[in-house]
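Each of the next two complexes has subunit A plus one other chain: subunit B in the first, subunit C in the second.
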Partner chain A sequence: MSVLRPRTVLGLARAEAWLLVRSLLVLAGLLAGGFALWLYFRQMEQPTWWDAAWRIGWGQLILGMAVLAAAQLAAGRVRRNGLADLYASFPATAPTRTLAHLAGLAGAVPASLLLAGAVTAVLQARGAFGTPDLAVLAGGPLLVIAAGAAGVAIGSRFPHPLAGALGALALLFSSVTSHLTSGAAIWLAPWQLEADQLANLPGPLAGYPPARAHAMELACLAVLAGIVALAVTVRHTRTWGGLAAAGLVAVAAICFAGVLQLRPIPTAGLNQLVSEVAALASVQRCTSASQVRYCLYPGFGAQLPSLEAPVDAVLAHLPARPAQPLTVRQVAGLSLPDSTLTHGHPEPEVSQWTAQVQRAPGNASAAPASAIYVPLAWAGGGQLADAHFDLALAAAEWAVRLPGAGGVFTSGEEFQPCVPVDQAREAVAIWLAILATHPPAGELEAGLGGLGTGRGFQGVEVGNALVPAWNSPGSGSVIPPGGGPQTTAVGYLLAKEMTGLPEARVERILDGAWPAWLNWRTTDARLAAALGLAVPRVSAPSLPPRVTGPDASPPQAAVCQ
Partner chain B sequence: MPVTSRARLSWLRALPLLARPITLTMPWPALLAGCLAGIAYLAVLAHLGGTLQPLGPGNLRLAFLPAIAAVAFVPRAPFRPLTQTTPVPAWVGPAGQLLLAAPILALTCWAQLLIVAHTSPPHTLSHPAAYPVIAQFTGWCAVTVAAAACTGRSRYADLGGAVAAPVGFAAVALAWYAPITGRFMAEPPATSRGVTVAWYAVASFASVLTFVAMRDQWHHYSRKVR
Partner chain C sequence: MTVNVDGLSRRYGATRALVEVDLTLERGITGLLGPNGAGKTTLLSILATVGEPDAGRVSVFGLDPRDAAERVEIRRRLGYLPQELGYHRHFTVAGFLDYVAILKEITGRRRRAEEVARVLAAVGLEHRARTRIRALSGGMRQRLGIAQALLGQPGLLILDEPTAGLDPEQRLRSRELLSGLPGDPVVVLSTHQADDIAAICPKVVVLLQGRVRFAGTPAELAATAAGRVWAAGERDTRAHLSWRGGDNRWRHVGDHPPAGAELVAPTVEDGYLLLSHAAGAR
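And then the complex of A and B:
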């Protein structure tokens, strides 16, 4: 009968751990994980710890995939090289070597801690709001160890390197498909990606994610994988019995951790969340700068300069401001119904929360005519420069009295913006936004879609005619006053030509008859003539005949007034 | 025909005889496991949520990854120092294996497109949406094969597939997510046509690299064997 000698196991484990520390695969996984996190966080204005701590797990998942493949290669080394008989003659038995492989997974921990520590330090230095939850962060190294243990289990049975690659992909697939489950079941995946609303929370919410229970699940998964790896290599019936019993205990613990994760989020927490989302005035702090009110959630003050810069740059070019002052307000962007948040609560309570959240600013139809709503994660995952342009354009639209008044709701309660067809104030607004933020010309041109390349057309139907449209960079980053208009291709092209003229000359012409330029009846042709430009010509295809009946065409957009 | 050319091409007569050993040495289990894993993943997705949430190009690209990993193990030339001494060029074996793998990969791509199309509303994955995806699959396969062929000519020849698979994944991830390459190789911001052209260009370059690597006569030994 084989005897597990602790000293032999420790000696082998030290060697395996050192190999794992030096493994190129693990190093590549560390770099790839860091790169993925850099891509995610680089554009984020001010990260929040309740969101960021979970996102760090994405990087750990990538590192875990690499560790799984490396551990599989290590555990399958003997059989892959056809040296099983030779190793059988050594004093260290197969279970001893497997145990050493499992203990050697400690070699992957430094990489995991380095990743978590480095990202934590960077985010802290960037002024991340809140405090990191250690239980969430601890889940990362546990995920890496569990993945490594799974790699050892796979390698003990399947030595071919492809098995490790497929195991790593299975880990990835289980995480990217967590959105197919409903309710709290999303947390049962090793590390769910993007099925949550953490980025839309104005503050931490207890039990979302269920970090401690999830860490327990990962730890038990690691133990179970280790038991499976040992069971594959052990040949003695008595040891098998012990391993089976230990395996059952691990499975029971995983189930228990799963049940803990499926518990409903406390009602008090959800009540507070809904009130923070719906009753902004009672929670937010407002400050005034340059006669503009900025209302932000407590702790988000670091975003103020980033919001002020594009708005101030627009205001600096204005000859006169509207009588009603502008308010820039942060909104949570939380969306209900969402079973990941409200699972396990009675239906009437959920309906009440849903109704409150749906009436909340930002979720309701449109912002008032003198307010711009900025979502919490307004530049999250997107281009910060684009988000700045969108904010500047919204401020400029307010300045030229071009809110979406005249926008209509379709039967599906979807807001359809009005279109400023042949209105000089649209070109002025776009010109102001371009002057304020100086976006790259390529991104502005991209808004023309196929029209810019001569290979297509994007338009909106107004008064039985197709009007070529222009989608501004970062469109949708903010909610403009009154919902905002649908900008037109002609408006953009005229604004682009205006940027080619001396700034002082354009400002002098605009200052001279500012009220006239704000009139919705003042045409592009009049503005172009005043500036000595030609009105850009954009040819639009003729409209197909309208369909009536159940497949009727969507309602036509209205002209902004 | 000159005598030298005739002698150079005399190995062509041995090709029919090589068909059987090439087929037998083909890593069928690895290739089929990779191809079937991707199909199984899509089938499970389609079964679980396909009716509620149609599968899209994103799911399809993920499902390609197991096949990409598998194709890394296809071009193998065991006992290369020995086969290099025979009249038949050493690259014929790996090239034959790649030729055998091509229809399997095409079949896998077709089956996966079919599964995704089955869950999508009509006309959403018709010709214009499918061709960039096919170009990407071709490009990914070609890059991975090139990595395997290059590793096969290094001192780590035995780890050709194990090295090429992560290299292929890394190349795909870099092409997709790196801000510079993403503009040309990922859709959006690149157009379908742009993505197709870019990936076929990559595939062409990778194929040339594979060809050069497989024809390389360099011995693996870094110092003289005594």
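And then the complex of A and C:
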């Protein structure tokens, strides 16, 4: 007389899996997860698999939340629907049903695989660099199953639907707060959402993140949640003993996986990474096109057309180029010290790496006057169009020899750009960038902030006066030549007026006296007069008295020369 | 002997739901009659291995429900309709029955499909197989409850007020269904409808205040009221209960014949009323 019949478990599991497959909640989770990933990846310039495979976890986390809620609803269905007495009369016992609910979580796996598969296919089609790490991708279905098992455990004890919703929120909370933990401990969260530098790596770094150990942790968490679910429904003392033993093994395995995740990244890997970040010339490959050098990390060649397009569009309108050729160089925006990367390594070693990285191009100083630095994650967050404008503006500033000189490093590593106050070349550069990339007028206007409204005025102190500033779209996406100037509101407004004139007419006037327009002493008024325009007038509040001493006012910016 | 109840007692706090109940249930339909709170549902839930007694023992087909393995074995031969049955409202009728069939360990797909079709036809819901349960009327849901109890042709069928909520025609159809069950199972039917008992139960048990007050045939229950039921033109206030019938004459159940009354043949209901009155007087 057997109490548990495997065929019954399988039959029920099949029924539960089918219910999960058709669950609207799971479908909603799949769509929401897919939408979140679409938002993230839609305008990414060139995804890299060591970053993208991990990002797919965001979508899996959302799907996992939905599966958790659906599994909780399923496991609590009997009690919630007033069927406890009837079900208690069936030969299939409560533990049998719990086992079936756990096995039925297989019904959520197709959704997880579909999500990972679809994103993988799209990223591959877009030429993602590198190869997807199966251990990272496998973590997705494991996370979904672990979340579902937690849902079964919750539903077996708490049938109210709110319990599932709270469980899903707890899962989300554990992930979004992972960055609050220090060092490599962030990998212990079900899926970490912040505080990593994957997008800044020029290549995969072994052990960062520790994918296999993380997948092992998720698998063991799923087993532990299943054991808890069974413990809630089992009544026999003898079975309890077995479950307790299995639970201890699962906890031990989770701890072991945790220890593996907290292991330091091998020194050789970090040495290699630091050298790739600091010594660009030794690893990057350069190509020349239209007399501009593009130096990229190996494998990032697919980004070349995207970099060339805005630069070429600016060059096409230039009557003459500067004597020194332009170099567009990729830089890794790696930032050290970072305890997620360097934990477990001796302090002198970390200091040495930190010093090397801080001296690296893109960190230590502004780009040289003839170079534009493009960070690896230059169009992150889906701002590709803005990043293109920023690159075009940087190329235009090189073309008009802005800033020339004036930008300085103030205290520490903070760079204070110079300001092209009343300099015609600034308006010319902005006009060239607008002509090259045609950004939406709204985004350009947004850069003025609260100018004219009396609210949110943005300005910069130059020569004991406040100069109204203009923040260009995508500002900060690239590091412009010489660090770039702080663009002014007058410069933008004059450039905007120029775009209203026939292009050929403006080009004729600029061509006629190009060296003069590049002179830093040539004023906006002269350019406006040449074009038949009025100089835009903007008002700025008067400057408060400067303070000296410990709470001294910040140093004033210099005029670009 | 198929189901034997020996000295069964159950308490809920200060309330004694069952008091040393002794009972033997044979194959065929046994009607369980009693007022609300008499202990019927408690007794049936213990027979269905859902509830546990404080004292006494139950034997079902020679199996002891206190033993885990034997309890499961009893459940494999059991069909149970609890008094208050909820439903998975988003399931279809056939989907719910199919799910219950798996819970009853009918794992072969073809056999399960045949079994679901059989019970659907038995309760007249074959045309509602794909209807979601939330769209069924109360009567249809009750029939669905009976259908799930019939799955697997159980040897012991426990039905707690199966005709509650059924219209007169459905009640008659349920009589037809229960009296024609294949395999001659042990059926325990709890109901407030004495005429249902009289119509289909060869044996009736009256449970009052947690104690078995009567166990015998419906005719024997009716016979307990012989000589204590009269018909008269006027109401007699000494009667335990009296009511005016459709013929405009008063029917009296009591110990004292009203003036000018004529003795009439007692029914199961009369016998039950007198038992209930006697138990209340104690």
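As a working rule, the second predicted complex is superposed on the first by the 551 of 561 C-alpha atoms of A that agree within 3 Å, B and C clash if a C-alpha of one lies under 4 Å from a C-alpha of the other, contacts with A are read in each partner's own complex, and residues count from 1 in each chain.
Everything below uses one rule, namely that a residue touches a chain if its C-beta (ideal position, glycine included) is under 8 Å from a C-beta of that chain, and two chains touch if they have at least 3 such contacts.
Small disclaimer: the values here were computed from a predicted structure and weren't measured.
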Quiz item: After the subunit A overlay, clash or fit between subunit B and subunit C?
Solution: fit
Practice problem: Mind working out whether A:A316 is in touch with subunit B, subunit C, both or neither, as first, second, both or neither? | Solution: neither
Quiz item: Of the two partner chains, subunit B (first) and subunit C (second), which one does A:D85 touch, if any: first, second, both, or neither?
Solution: second
Exercise. Mind working out whether A:A244 is in touch with subunit B, subunit C, both or neither, as first, second, both or neither?
Key: neither
Practice problem: Once the structures are superposed on A, label A:R77 by its partner contacts, choosing first (subunit B), second (subunit C), both or neither. | Solution: second
Quiz item: So, A:A165: does it touch subunit B (first), subunit C (second), both, or neither?
Solution: first
Quiz prompt | Touched partner set for A:A15, first subunit B, second subunit C, both or neither | solution = second
Self-check item: Touched partner set for A:L134, first subunit B, second subunit C, both or neither
Solution: neither
Quiz item: Taking CA centres, what is the subunit B/subunit A/subunit C angle in steps of 10 degrees?
Solution: 40
Practice problem: Could you grab the smallest C-alpha gap between subunit B and subunit C in the overlay, to the nearest Å? | Solution: 6
Quiz item: On subunit A, what residues does subunit B touch that subunit C touches as well?
Solution: none
Quiz item: Which positions of subunit B touch subunit A when the two form their complex?
Solution: 29-30, 33-34, 37, 41, 45, 48-49, 53, 62, 65-66, 69-70, 72-73, 159, 161-162, 165-166, 170, 173, 177, 189, 191
Practice problem: In the complex, go through subunit C and note every residue touching subunit A. | Solution: 45, 48-50, 68-70, 72-73, 75-76, 78, 80-82, 84-89, 98-100, 102-105, 107, 148
Quiz item: Given the complex with subunit B, which residues does subunit A contribute to the contact?
Solution: 25, 28, 32, 35-36, 39, 66, 69, 73, 160-162, 164-166, 169, 172-173, 176-177, 179-180, 446, 453
Self-check item: subunit C-facing residues of subunit A, complex
Solution: 1-3, 5, 7-8, 10-12, 15, 77, 81-83, 85-93, 97, 236
